[in-house]
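You will see subunit A twice below: alongside subunit B first, and alongside subunit C after that.
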Partner chain A sequence: MKKIINNIVSILLKVKLFLVKIWTPIKTFFKKKVNPIILIILKYTGLLWVKKQLNRLPNKIKKAIYGILFILPWLIGMIAIGIPILAKSIRMALSDKYYYIVNQGWQITGNWYDFTQFKRIFSDEPYHLTQILDTLKDVSLVVPLVVIFALILALMLNQKLKGRAIFRTIFFIPVILLSGNMLANFQSNGLLTVPAIANGTITSFLTDYFPAIFSEIVAQAFEKIVLILWLSGVQILIFLAGLQKMDASTYEAAEIDGASMWELFWKITLPALIPLMYINIIYTTIVYSNLSNNAIVSIINSSSDASGSLAGTLADEVNYGRAYSAALSWILFAIELTVIGGYTLVIKLASRRYE
Partner chain B sequence: MNSLKSMNLKRVLLGRKGNDGLLFKIVLYILLTGISFIFLYPLLSMLSMSIMSLEDLIDTSISWIPRNFTILNYVNAFEWMNFFEAFSDSLKVSVYPTLATVISSALIGYGFGHYQFFGKKVLMGMMLAMFLIPTVLTYIPTTVLYRDLSIFGIDLQLMDSIRAFWVPALFGNGIRQTIFILIFYQFFRIIPHELFEAAEMDGSGPLRTFITIAIPMAAPAFLICGLYSFVWYWNETSLARLYFGSVYTTLPMSLESYINMYRSMYSQGQVTLDTVNSIYNTGVQYAMTLISIAPLLLVYLFAQKWFVEGVDRSGIAGN
Partner chain C sequence: MMKLLHKKKNMTKTEKAMFKYKKMRKNRKSKFQGTMINPSRFHVSQLKFLLILIPFLIVTLLPLIYIISHAFKPLDELYAYPPRIFASRITFDNFQNLFLAASQTGVHFARYLFNSIISSASVIFLSILIGSLAAYSFSFLKYRVKKTLFTLNQIAIMIVPVAISVPRFIVMNSLGITNTIFAHIIPLLAMPVGVFLMKQFMDQVPRELYEASVIDGANKWQIYLKVVMPLVKPALATVAILAFQNSWNNIETSDLYVNSEALKTLPYYFSTLTMGTSAIAAQGMSAAASLIMFLPNILLFIILQNSVMNTMAYSGIK
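Entry: the complex of A and B
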């Protein structure tokens, strides 16, 4: 393995040398032939004048202009793609029906201020309402667990151990495997669990020796723990990056003063990781509430995706159509905001004593 | 004497600081190995099932090691998936958008990280807010919009083409691109300003400073973002189906349609455990799954050395 890597590295070095070799004639060619042409073009299009004016501007404004030029792709994307999508989905959620007629384009019925779909969800669809509440419960249970587990695992991986590199390699495998529909695939085949849990060995052991309520909760937690571990790949990475950044001398100083490992964790490590905790809460909430095994997401998928969202005609709008799904996904968005807001507030209040 | 011995024992077991004792190490190793097993379990069990013959798959007494080793499942999987075509489609569908994502994320991240301008915080807040919006919410409006999207009066004709993936990525609207922009933002923010000032003193323009100073400093960020976005585009099936399902069939898309077909046959009773078919069975399904993720695992195994080091180093500026 090492040999192969070394070979690849040496090949890459050779390629680099070769590139440097051919780069010099290209550079001189550009300097002699292309640059004058560009200069002429700049001169006649008036861009040279713009450049001169730019150079005259104070440094601060010049830099601001450069900054905006660098983020220009994002600005264009925001105006041309991001905001229109948002506007369309809001309009969709606030309509009675949203359908496509060939040669006439998209048709919208209903006034936006009627909030038809939202009224429908909250008064006519008790089953979907319970699903929404379950999702809220589920997300608000899983998110803190993922963050806490990720923190523990990152701390574990940060210890000086033999074979640390192997463990790290294995711990990031979920990141590679869990995207797209892979998670749903794995889950439906029962691969995201451990045989002892799947076969009910642990469950039967628990029910034999413990009261029913207790064993049920623990068994469910076991089921969830595997999923939680699978979900915590990126979060571990983020925490690890933060842990690596920490200054070793702070720890040494605290150790000399006689701080225990426990104190080190609560007084030095944790406060430094709080900003990353916000990032992880946001990330986990987004990823977890968008998984295809989420109740709301599966309602949306089954109601709007099956008929093909592009060719959706009026007939598809009879049951749970595009408008209904859009309203549901805005509720999902509200759930995300509630969870993120709630836990951010909790951490903010809890970390007050560090300030 | 005796008390000294017990003290020594205690020190060896528990350590002096709490995290260097033998007991601590043992517990740590047990936990890490257990969790590693959980992560490896799907891969291992798929591997073992994919080399089982039909009889072994039905036989419940065999759980891990097949009695009759076979590669027939892989042969069938290769044929069903039309491997080489699907593989080249997969590469096309993931490499171009990855390049677009990395380039535009680096530019945008640099703009946000290195420069100060009016309204920067508001814009970044907007970016984060857009990131919070559920992806399902955007599916339908996106397809509606992409059908006749034009930027600067140029009709982009995104539908039925990979452009539906890479053009939005070029404008900062790729799959989960906000994360990449934020990673680059963090990287460019921590590069010492003296370096840039020195370059600007020497008369280097903004683009040149970016290419010669900022990019080499953020090599780990390029690696992380490249790897992640490659994986995410590779595994994306629902968007791919919406945008260019009729033109390209990637490996994961092919796997998905196989699973759907298998399921519908199973529910109609055409395939049952007694009449297992040599083409539609769990062994072939797992062989296919492994084939479709094998390229990712290979890329990861080669990149992980730099990947993990990159994470280590990401904090240390000027290294």
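Entry: the complex of A and C
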């Protein structure tokens, strides 16, 4: 056995030596400062001239050119695919009807300034209005909880702890699992709550002893505890990156000055984490409100024929139609904006004393 | 133990003091383990963290265990209410049914697997390349339209993907990439979330490092490749995982943009398999299929785990 392994290793070494032998002349050829072949290519394609002209440009424009060059692949994708999609989606939301006719493609009726779909949502569909409000409530409850839990877990995982790497890994695993249909599957199986909470023991205790608003919030938070933990994988990572960047000597100095753990957290750790808090709020809001388990997304799913056929005129007739679902998606967009804006403002006001 | 007590009884005063001191030193040593990041020993001082972490850990792990055990449950337990986490009787019936159904279809299983692997590998590679270039430009370079472009990215993140399936189809059609392998790749390349995450991680990279490398004569491409990219490895790994997930579990692309059966991907194949049979058998088969679909995720995570968890090292700059 050992002989075989030795043989394999020696063969591999020979192959490596051979590759190095071939590679070195190529490498040295390309490492020359002015490569003759490249110079010829540059000269005859006119790139040398371009380079000369570029060097003459003012610094500001040069910087702009570099920036655009790096962003170019992204920009091409955005212009070719992203912006048309966004524009079409807006046009869809601002139409009376958006439907498919065989051999003619997608048709639009109605003027954009009529706002038919939005009028319909806010005046004709009271049930959907309550769903929208529910989604707003839901998102605005879950987002701060995820951020707080992620902060607590990140602080814990940053402590000196045996088997810390394993803990970190396990808390990151949900990220690789989290997808819409998986979540729907869990929800139908009642896995997103802890059994004791589902029985109602904790909820009844809360309603007996605390004011109604508080108990409702806490009960909902408990109901979504698994979801909250599952959503906080990436956020923990972001917080950990920030915590690891922190200077240990700052803590030592504060400790020598007589600061307690509590003070260290409020006066040193938290102010440094506030920019990361904004990021986490944005990220959580986006991920959570685009999961398929919230009310608006399920309406959109049902009215835009989730089974996938694009010519689904039947679904348009039966349900609310694509224009309606596009309008709903822009309302969801508005909800996300309000949640992000609201919490950003809260943190900005709360963190004013650190400045 | 007895020996130790006996020893303690017969000790003189100084010996007792020495014993106490030694004990103290020993305890101290185990509490403060130098600058080690991962302590090798357990100490009582760690207990308070463990007490908070372990309940959360169990709650986090529940669904994961559920996925795995669900695939091995016999039919009657799949429908048990309330659902049980562990299977009391392990069977491979679900897998057997799945492979039986798979052997009866026209196009070979390997074809779907090949399509899936090609499309998800290229999605990972290209979306990280494009995304990190854009993020680098957003984070480090200075030019005028940057803010507008980043706002555009933010808007693109917040749109619900379901709602734009029709406009997407129209655009895909007008670009002429429907019914090719690119239909699986190009719609998923735009990962605004990835750009956002990478940009935020790059913002954490100290500017001094960037300036130092400029002074040392590195050009922008070299800084990107040799300074910034190694520092944001956790973000890259995270985005790779998200991109892979997005592509690997995606039924939509093969549903909407591809007609020919030979170009469809694995998740679509599994979904059709479970659709063809009766609803009761389908439950078990879909559980088995979801476990099979889940395995590559875990594999990728194990490969990338090290770089995810070693959050940024900021050596040299304080």
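Keep this in mind: the second predicted complex is superposed on the first by the 260 of 355 C-alpha atoms of A that agree within 3 Å, B and C clash if a C-alpha of one lies under 4 Å from a C-alpha of the other, contacts with A are read in each partner's own complex, and residues count from 1 in each chain.
Definition applied: a residue touches a chain if its C-beta (ideal position, glycine included) is under 8 Å from a C-beta of that chain, and two chains touch if they have at least 3 such contacts.
Being a predicted model, the structure only gives us computed values, none of them experimental.
When both complexes are superposed on subunit A, subunit B and subunit C end up clashing with one another. By the document's definition of touching, both partners, subunit B and subunit C, reach A:W74.
Using the contact criterion defined above for the overlaid structures, shared-chain residue A:K88 touches subunit B and also reaches subunit C.
In the superposed pair of complexes, A:V142 makes contact with neither subunit B nor subunit C. In the overlay built on the shared chain, the residue A:L177 is in contact with subunit B and with subunit C. In the superposed model, A:V297 lies in contact with both subunit B and subunit C. Using the contact criterion defined above for the overlaid structures, shared-chain residue A:I282 touches subunit B and also reaches subunit C. Look at A:L231: by the touch rule set out above, it reaches neither subunit B nor subunit C.
Shared interface residues of subunit A (contacting subunit B in one complex, subunit C in the other): 63-64, 66-68, 70-75, 77-78, 80-82, 84-86, 88-89, 92, 106, 153, 156-157, 159, 161, 165, 167-177, 179, 181-182, 185-186, 189, 191, 194-195, 226, 229-230, 237, 240-242, 244-245, 282-283, 286, 289-290, 297, 300-301, 304, 310, 322, 325-326, 329, 332-333, 336-337.
Here subunit B touches subunit A in the complex through residues 17-19, 25, 28-29, 31-32, 35-43, 45-46, 63, 104, 107-108, 110-112, 114-118, 120, 123, 126-128, 130-145, 147, 149, 151, 168, 170-173, 179, 181, 206, 210, 228, 231-232, 234-238, 242, 252, 255-256, 259, 282, 285, 289, 293, 296-297, 300-302, 304-305, 307-308, 311-316, going by the rule given at the top. Remark: subunit A residues 63-64, 66-68, 70-75, 77-78, 80-86, 88-89, 92, 98, 105-106, 152-153, 156-157, 159-165, 167-179, 181-182, 185-186, 189-191, 194-195, 225-226, 229-230, 234, 237-238, 240-242, 244-245, 247, 249, 279, 282-283, 286-287, 289-290, 292, 296-297, 300-301, 304, 306, 308, 310, 322, 325-326, 328-329, 332-333, 336-337 touch subunit C in the complex.
Per the touch definition, subunit A reaches subunit B in the complex via residues 5, 8, 60, 63-78, 80-82, 84-86, 88-89, 92, 106, 153, 156-157, 159, 161, 165, 167-177, 179-182, 185-186, 189, 191-192, 194-195, 226, 229-230, 237, 240-242, 244-245, 255, 260-262, 282-283, 286, 289-290, 297, 300-301, 304-305, 309-310, 322, 325-326, 329-330, 332-333, 336-337, 340. In the complex of the two chains, the subunit C residues touching subunit A come out as 33, 36-43, 46, 49-50, 52-53, 56-57, 59-64, 66-67, 82-83, 129-131, 133-134, 136-138, 141-144, 146, 149, 152-171, 175, 186-187, 189-190, 193, 195-197, 200-201, 204, 220, 224, 234, 238, 241-242, 245, 249, 251-252, 255-256, 290, 294, 297-298, 300-301, 305, 308-309, 311-314, 318.
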